[in-house]
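Sharing a structure, written as structure tokens. Questions coming.
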Amino acid sequence: MAIVLGANQYGKAEIRLLHVSRDGGTHMIRDLSVSVALSGDLAATHLTGDNTAVLTTDAQKNTVFAFAKEYGVDQIEDFALLLARHFVDSQAAISFARITVEQYPWERLGGHSFCRSGREIRTAMVSYDGHDSWIVSGLRDLTLLNSAGSEFWGFARDRYTTLAETTDRILATAVNARWRHASPLTPEEGSGGSMGSGGSGGSGAGWADSYGAARDLLLAAFADTHSYSLQQTLFAMGQRVLDGRPEIAEIRLSLPNKHHFEVDMSPFGLENAGEVFYAADRPYGLIEGTVTRNEAPPPGKAW
Amino acid sequence: MAIVLGANQYGKAEIRLLHVSRDGGTHMIRDLSVSVALSGDLAATHLTGDNTAVLTTDAQKNTVFAFAKEYGVDQIEDFALLLARHFVDSQAAISFARITVEQYPWERLGGHSFCRSGREIRTAMVSYDGHDSWIVSGLRDLTLLNSAGSEFWGFARDRYTTLAETTDRILATAVNARWRHASPLTPEEGSGGSMGSGGSGGSGAGWADSYGAARDLLLAAFADTHSYSLQQTLFAMGQRVLDGRPEIAEIRLSLPNKHHFEVDMSPFGLENAGEVFYAADRPYGLIEGTVTRNEAPPPGKAW
Amino acid sequence: MAIVLGANQYGKAEIRLLHVSRDGGTHMIRDLSVSVALSGDLAATHLTGDNTAVLTTDAQKNTVFAFAKEYGVDQIEDFALLLARHFVDSQAAISFARITVEQYPWERLGGHSFCRSGREIRTAMVSYDGHDSWIVSGLRDLTLLNSAGSEFWGFARDRYTTLAETTDRILATAVNARWRHASPLTPEEGSGGSMGSGGSGGSGAGWADSYGAARDLLLAAFADTHSYSLQQTLFAMGQRVLDGRPEIAEIRLSLPNKHHFEVDMSPFGLENAGEVFYAADRPYGLIEGTVTRNEAPPPGKAW
Amino acid sequence: MAIVLGANQYGKAEIRLLHVSRDGGTHMIRDLSVSVALSGDLAATHLTGDNTAVLTTDAQKNTVFAFAKEYGVDQIEDFALLLARHFVDSQAAISFARITVEQYPWERLGGHSFCRSGREIRTAMVSYDGHDSWIVSGLRDLTLLNSAGSEFWGFARDRYTTLAETTDRILATAVNARWRHASPLTPEEGSGGSMGSGGSGGSGAGWADSYGAARDLLLAAFADTHSYSLQQTLFAMGQRVLDGRPEIAEIRLSLPNKHHFEVDMSPFGLENAGEVFYAADRPYGLIEGTVTRNEAPPPGKAW
């Protein structure tokens, strides 16, 4: 049996970019980490070291910086789409590009002064195959905790099950969510396809509005769902987003169960009535699930 | 020359504690990491393994949890002081205790729902020697950026100096600040010495008010100081805190210079007029300094 | 369009387990992190909070510890397979299990004394669907550097390409490799299927020998390949493993290009002839690829 | 009370340097992280932003790279001393320099091929005040475990003590050790003062021999000390180093107690006879102590 090259990709990862724009004395900043992954007809460099088809990862980095200058950075979905299209459309050997962006949040202190806010990191992953584009938006590190309204009982029991049932526990997680917009963008829509064009995503205020609304729906569903399992909370969060945002076709949630164990104080003659908890690091539960529409368009190459 | 035991201490580090208190359906939470360090007459365990004088680090951990139950957790300075006094006053062999606390910030989403806020971590370090107590409050990971109002020129030049002078640069840092309250607490003041008692610290609302005001002064000084060096900004930040808060005797600041380099776009035929920057990880400048009063009481065993 | 539950899984992650076995005064240790992910008919807990089908992640953790006691821990592939089969075969609702294990390396200092060795972390990922099992072995964090024998030139050039061609550069990476064994194990082979049974993997000395040989082939290929691109080195490493180990059907490599830039010393009047390099953190190149056999059995549910 | 500037220092931190030297086809590499901290008459930049006395941290970085070219990098103590003397002796405003170096270990795979070894990181901290120099060598992240030969009993008991006594526990730690060489170097000794010159440290093979021997003594003492407390093991490790190495005056050890808890299997009807342990992350014990000679020269500005 011959040994052959299988699936492969390459690119520059974690390009740390700060973009500053000015409106008189008022500055706006975007603080990003951009990663590029390209694939296509790259057999030669693997098999013989012939780099004719290889756009260097250094040039990819330069392109990210240059595009920030030439086009500005407003919504990360648009910026990623510009980059994805550029690499595929300009390089004969490249047939697929995926651009992943993380945006770090800052609060304004003054006209040109900012304070990093740690609440969550906004993400985008944009894929382009030379014809269609797929947009996945999301967030990570949104850490949430309910100190009431969470139960866990009625679960399966086997020889190794020792966990006590509870009708009152701490429920805490760090939300990692990614959601796919309803339909691929086709090139005719340009890089500025609007939210209204077929519910297929959008640009400018569209992406920002969609993001803010989805995040708020996640927060609201976490806060007001009386939970019998973290799985139930996960589904409720996804359902709330899809109910509220028709432009979103599917959402994938990864929710670590950040365990908080009630400390047993009976050895000290004290009763701990849900007051003092130990926050454990490891191990942790990890609950992952997808919530989608039953007639959602196929995901294509979105993920 | 005989080989002898020198300075030593021991304790339990990074006890992760969540405390929940309830006011009807409205919950309050405190999310802490508590570290204990004790010293005293501990030669026996080092020299012979005789543990008679050793209060186990496991018992120290239990004490932290039990005190959270027995006394609640309001201001971390008070909670740390209770613990420091307990260990020294109850253990014959222990003559000095230092309790270090980190408090992680949460925003309220609902009556019993919370979202972790990442803006900064509040800290306290309390030391007690059986007679006096010293209180150091502080914060870390307060990440700040000015996109204007920062210059750097007129510096020394040697053979290895290649840096260009600039009248417009990005200034970014992650503030690590610790400030010493003006005078030690003596036991007669009890664990609830107020802000008014000699300006020496305080309890309850006092610590919270002092903390919030100091943080806001740091933010304001960073934002409105036209900077010729990060050292100048450091001194301005410390001076602003001391000017505004008579209860604070001394502040120590450690400010990494988080470099943002303007990307040279001339190879691409573009001009980058302060728009696109590369955020570097390492190396970084590290500027550290103390701002104090010239008649401040001596620090004693505060640090 | 109705909103529905899509793909989902859950389990306990990063169970940190130390297993000690004794042969007289000589101890052997295994230091593992074990993660469990289960899927199947879990709609009820997501949709209604009915946990009847949910084996708790706490019980999963207990099972990992109990199996370490009952069966010992020798090769991580065997240990993972035991666990995967247990969860699917004992729980009616669970139709698929994936067990991921990391093994931390220790060197012997004495009969019962050990020193952590940091060279690389061994990994295994075992999947089981109630009928077939798939075994993926691997390693991560194997950090390698060649200070000669690496060139990079002849690459594509566009407007944003500024990188100079080089016939002598530092090549450094941290190898993350995972390789799939040639055929799924069927239950009749038992948990102790040998290396000889159809080349399908194996147990005991088999897994250890296979692992050690694969790692050594990776090291040798990195060291003795004259490289014209990291892609070429990647393919050479994969090819070497498949050439040497018939039991391996496919290998996936993820190789960050850990850039080391030659410092320009001309401003100081010095010539840096490949002596002094700056090790950059970010961004980094990321080269990922698969090397396989053209008649390899299909991967099934291995990945 | 006037507000004044107190103690301060500044410098470039974590300069990541790879140095390659060649002996025919055989290369030697040094992989370092170098941090510079300078202090002196720096009031002007703090108080007015006058940077006349400020050698930029960028120039400090350049100096580190240039010195690696001009003088090579052999022993990190010597390299740090060269740098410390340079900054103080060449800059009128700088009266004190401290250079901290970490050296990452690599194993040889071939003439110019290397594999990162994770066993421990070697460290040096060199201080110079314009007249005297102080040399502190050390290591960190040397992770050790004894699976027998460790007891812990006879400890103090209070209301919060619940820990069971044990005559057989796992003892694990990650050694952070720093040791001060016996006497300061004076400038007349030059940068190449030998081990023989007053037992005061030394250069070249001297530092390497001293380091290797000290590390081996730490390993041996950990492995062969029957332990009744981690404090006892700490003292034994320090004592062993001082006993064996007359050039070392003092050693400071910081030893986290990396707890491994025996899993209680009685709920599953199993007996865990010291076979299966849970490796906890936090909290952890932290045992810190100094071992010194009773007539050691004073530490001066070494720490």
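Note that the chains take the letters A, B, C and D in the order they are written out, and that residue 1 is the start of every chain.
The working rule: a residue touches a chain if its C-beta (ideal position, glycine included) is under 8 Å from a C-beta of that chain, and two chains touch if they have at least 3 such contacts.
Since this is a predicted model, take the numbers as computed values, not measurements.
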{"item": "Shared chain contacts [chain A and chain C, defined touch]", "value": "B, D"}
{"item": "Pair joined by more contacting C-beta pairs (C-D or B-C)", "value": "C-D"}
{"item": "Chain of greatest Cα-centre distance to chain A", "value": "D"}
{"item": "Chain C and chain D, separation of their C-alpha mean positions in angstrom", "value": "32"}
{"item": "Between chain D and chain B, distance of the C-alpha-averaged centres to the nearest whole Å", "value": "24"}
{"item": "Rounded Å distance between chain B and chain C, as computed from the means of their C-alpha atoms", "value": "40"}
{"item": "Multi-partner residues of chain C (at least 2 other chains)", "value": "16, 62, 66, 160, 162, 267-268, 281-282"}
{"item": "Chain D to chain C touching residues, read off their complex", "value": "16-21, 25, 27, 29, 31, 62, 65-66, 68-70, 106-107, 109-119, 142-149, 170, 219, 222-224, 260, 263, 265, 267-268, 270, 272, 274-281"}
{"item": "Complex contacts: residues of chain B adjacent to chain D", "value": "1-16, 35, 37, 42, 45-59, 61-63, 66, 90-91, 93, 151-158, 160-163, 227-229, 231-232, 234-235, 238-239, 242-243, 250, 252, 256-257, 282-296"}
{"item": "List of chain B residues in touch with chain C within their complex", "value": "159-160, 162, 267-269, 281-282"}
